[in-house]
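You will see two complexes here that share chain A, one where it goes with chain B and one where it goes with chain C.
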Partner chain A sequence: MAVSETSLPLADAPTATARAKVFPVVPVALLAPMMLVNLIAFILPVAQLVRISFLEGSGGVLTDTTTIGNYVDFLTDAYYLSMIWNSVLLAFVVTVLTLLCAYPIAMFLHTVSPRWRNLLFVMTISPLLVSSVVRTYGWMVLLGDQGLVNNMLVGMGLIASPLRLVNNTLGVVIGLVEILMPYMALSLIAGFGRLDASLSEAAASLGAGRLSRFRRVTLPLTLPGVALGCLLCFVLSISSFITPKLLGGGRVFLLATEIYDQAVIQLEWPLAATISVAVLVLFGFALAVYSNVVRRFD
Partner chain B sequence: MTLAQRTLDPRPAHSAPAARPERGHLRLEGVTKRFAGDVNAVSDVNLDLERGKLLGLLGPSGCGKTTTLRMIAGLLPITSGRILVDDDDISLRPPHQRDFGLVFQNYALFPHMTVAENVAFGLDMRRVPKAEARRRVAEALELVRLPGYGERKPREMSGGQQQRVALARALVINPRILLLDEPLSNLDAKLRDEMRREIREIQQRLGITTVFVTHDQVEALTMCDVVGVMSGGRLAQIGTPEDIYERPASLFVADFVGRTNILDCEVLNGHRVRLGDGVYSCAATTIRPGKAKVAIRPHRINLTPHRDRALLSTSTNSAEGRVLRTTYVGDIVQYDIDIGGPTLQVETPTHGRGLAVAVGDKLLCEWRPDDMLVFER
Partner chain C sequence: MVGSTTVGFRVLVTGLYLFLLAPILIVVPLSFSDDNILTFPPTSWGVRWYAQMFEHQALVNAFQVSLSLAAIVTVLSLAAGIPAAYALHRFRFRGRDALMNLFTAPLLLPSIVLGLSILLVFVKLQLLATFVGLVVAHLIVTTPYVVRIMSTALTTLPPSVEEAATMLGASPLVVFRRVTLPLMMPGLVASAALSFLLSFDEVVISLFITGPHITTLPVEIFNYVESRTDPLIAAVSVVLVAATLLVVLLVERSLGLSKAMGK
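Showing the complex of A and B:
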């Protein structure tokens, strides 16, 4: 203890008697810019959001009256309850599909020779270089009734009339899975980094076939990466707004899109704030599940 | 002996009592590995390892010894040749069907499992009933002197303990052949010594055919029944430790195994060489007269004070030399001695008194012709 304190590179090092209570100037100074940004851009707005969610609004005007009515309205309305359920379900389905799509990619990148790994890794996360708005428009072109996918399927004679791939929940799921895949892949690759190739070889020498090796060794050891990727995708897909808005064609009602509608179109700020707080609570639950999983496997 | 049989007998108690579990006899025929674009990593390795023997594959890094072991284990496909166990060609069999025990340099214990779960892994894969598996795990841990450590996680154990767990895990499945890939190189010197003895003792007690990869010649000489020295992907020599040390087949083997003086010489005829200013008798050689190399072990050279010259026998080589340097090592003293041209390194054991030798002293070096081996350059 004494060693670490004395080793602080303080220019105006105080006398030995005051040493025990030195203020950690350097760490605080280094953290200060980020703490300031977080305070202004995150903590204060969230506090403001919570405050608004307890205010009464009438006809687009905020009053000074404090109330819990917004929460009562929100949580007793069957429409909103089913919206919460739909959002969670959609985020869950998107997360699982993203995991299933990204896991083989991460596994392949882990085993491929180092010469190719970097190039393939950059290719895997390169979609992040393009804005998700642009990618969403891309999916609208591909999935539309006259889109590439439908034209191909019809042209090949596999289906008689175009499939409804867009302007519904299916379209939102397809778009979100593709958009979130790089995040999942990144998390999984980080998880695979801890997996020593000799572990799988040891399992093989002990008589484990391909499936047993995966089930007993590879999967359990990459679970922390899986948990991180799932947390990220779940949170990002619940809060994603542009993709459901565009690919849902106004027919898919989710918490994020509802917040936008209430805040910008209906000017119901208190209700929008209430839904936002509800989403934050959902994130809290997801985080709790995540830390539970990680603690169990670490 | 009885403990070992009881411990690792694969058969259930009700089957016919067997003297000892069936151990394989390993044969490699022209085993070759070529990586894409590269020259051969391993070329034409042939060996025949008797049942119950310990083979050491010795060589510098990159000589192909680990590649050879990985091919035997089935972790690397062979390019050509055959690997046979008890005359059964297993060249194409995947590792999980070979029934070999494998111990890695980095232990490769499963970090998410306890020690007991690690050791039980191979038994799980073989669908051994739970109660029997528990008993065999306990016995295997006892065999490696870690009883009661079953509930620990590998990361809570020292390197030596982890390596014992890895050994127990490989042995509990009663493998036909045990493969050890530099199992001691991550341990400190004292522990390495202890583990060396222990592995050898367990190997002999179980009578298990074993291949042991090492770059440490002391390990190879002290532990193994047979040593194969590898160089550049080839088996340079295979033989007993004594063969390898006393009768190295090539300059590489002489140089790699044990300390040795390698000096330029000129072969005069089948038993005489010129070394610097002197002409000496050497071990019989078929090398044609001309430039060659000669190898002499430093500790096979006797030093005597100059005045004792009258005692010399005529069948011994002797050379007068001047001490250039002395190095006190503890158990031995090393001298660099100029014998008129080449410099000889000589080692003499210390007895607590020893010769009072100083730099610049004149001494007489003596060695037997048989200790002077001649090789092609």
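Showing the complex of A and C:
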């Protein structure tokens, strides 16, 4: 393939290039405050996190000894191995349930009239504006022993004593599914944008029933949105902290809650840093799976 | 007809919306409970938890910290983010895309990891449990959004308008003040509102770097909910949701939310 002059990226902006050469001070001065914020609150912290994960030390005191012992300890401890497994499993279950809850909403938004669509769209994403602490508190009110659900069930005579809906994994799953639904719905709505109503009509006129239209037309075309939503929910739920901490009631042990406990309560910084790096590695895995899946669509 | 939906499907969707909005809707009636414990439906009604809210000194202090923090973070986010977005838009240089990615990268990092990382550096910089530390930490949450929104706003701004003003003899500063800035206004308002809300709501990173002497409202609420269960937080939540709604409505009224988000 011949490379022509015009295909070079710089060639399309000669004036801007010239300007940058005349005033190199101006862009640097404009970028400096942002660079400073990024350096102090992002680059340095992440570098420090990785460094400390390789240091010996405990109780808030660090030594200068470099070691891979933290990783060895973490990955050979049966307690932490089961915690990794539980976190991944929980994130997986939450992702699947969130998808099942958000998909009908995205599908409904695709079919209703524009006037209703705008209102329902705002309703779908408005929970994002409410603090996750407040929404988790709302779930404590709904699911607690004296909560709405239990009082209703007891009142109707369906159960004799309240069900255990919070302070366990079930409560965490319910809370996380609801908290992550807007993110999933947003990804799915973007995916539904690719779906043309006439395709489904064409399938119907060719004799396809409701179910086979969904399975053969709607679902395949909206899969990219599904993949994006699943990535987002998996990543967000594996790193979620507020909801597992409050709805788990100290009985649900996950990687994210362990990072906080080790760092803030036990002051075991190297261990907390090691778990954090492990979470980032899980993120990497999720991203790799996602790009693999997306490549198959194209 | 293909576009039509069955009754069953409508019922399902209604149920799902109820599920989605239930935890927010439930706090409104609960905040008017007169009970000492968290029970729903309440056995008696009243407004005593609203009164209690103002007498809870820790909450009031935390609210004041959060309010001034969010205000300062908003101003500094715009002060750092807008020039950066402008420079990335106006000048072509090597590593421009890399810088853009660097500025928005903090969005990709889970806040629990970012919180720990910031804690580990702030210990050394003596910024733990300080107001300055909270400002810096919140800036890394808000500035990626500001840079992204302002970049979108600037792409929709045709360079020819600025060039015309320059050719007619306006100095760079006048061009910026009279042409660029007014055209950036929708993005600016959206960035400001989002920065304020993000800072005011931020909880995970703040949990790592607040202390007994300085704490933010979400952190105080978190600590309260973790140790005690009564309807006080319902009253606080209603006030917070109402305030958020007010901010959103103000933005919507002044320029239309969808327009402000640059879409």
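Operating definition for what follows: the second predicted complex is superposed on the first by the 252 of 298 C-alpha atoms of A that agree within 3 Å, B and C clash if a C-alpha of one lies under 4 Å from a C-alpha of the other, contacts with A are read in each partner's own complex, and residues count from 1 in each chain.
Simple rule for what comes next: a contact is a pair of C-beta atoms (placed from the backbone, for glycine too) under 8 Å apart; a residue touches a chain by one contact, two chains touch by 3 or more.
Since this is a predicted model, take the numbers as computed values, not measurements.
By the document's definition of touching, of the two partners only chain B reaches A:Gly209; chain C does not.
Touch criterion met: A:Asp196 reaches chain B, while chain C stays clear of it.
Applying the stated contact rule after C-alpha superposition, one finds that A:Ile40 touches chain C and leaves chain B untouched.
Looking at the superposition, the partner that touches the larger set of chain A residues, chain B or chain C, turns out to be C.
In the superposed pair of complexes, A:Val130 makes contact with chain C only, with no contact to chain B. By the touch criterion stated above, A:Thr76 is placed in contact with neither chain B nor chain C. Once chain A of one complex is fitted onto chain A of the other, the partner contacts of A:Ser239 are limited to chain C, with no touch recorded for chain B. Shared-chain residue A:Pro220: touches chain B; no touch with chain C. When the two structures are aligned on the shared chain, A:Ser161 is found in touch with neither chain B nor chain C. In the superposition on chain A, A:Ser58 contacts neither chain B nor chain C.
In the three-chain superposition model, chain A touches both chain B and chain C at residues 201, 204.
Within the complex, the chain A residues that touch chain B are 196, 198-199, 201-209, 212, 216-217, 220-221, 297. Against chain C, the residues of chain A that register as touching in their complex are 10, 13, 16-17, 19-20, 26-27, 29-31, 33-38, 40-42, 44-46, 48-49, 52, 101-102, 104-105, 108, 111, 120, 123-124, 127, 129-142, 144, 146-148, 151, 175, 178, 181-182, 197, 200-201, 204, 213, 235-236, 238-239, 241-242, 245-246, 256, 259-260, 263-264, 269, 272-273, 276, 279-280, 283. Those residues of chain B that touch chain A in the shared complex are 73-75, 94-102, 104, 106, 108-112, 121-122, 125-126, 166, 169-170, 173, 179.
Residues 2-5, 9-10, 12-13, 16-17, 19-27, 30, 37-41, 79-81, 83-84, 86-88, 90-93, 99, 102-103, 105-106, 109-114, 116-121, 124-125, 136-137, 139-140, 143, 147, 197, 201, 203-204, 207-208, 218, 221-222, 225-226, 229, 233-234, 237, 240-241, 244, 248 of chain C are the ones that touch chain A when the two sit in their complex.
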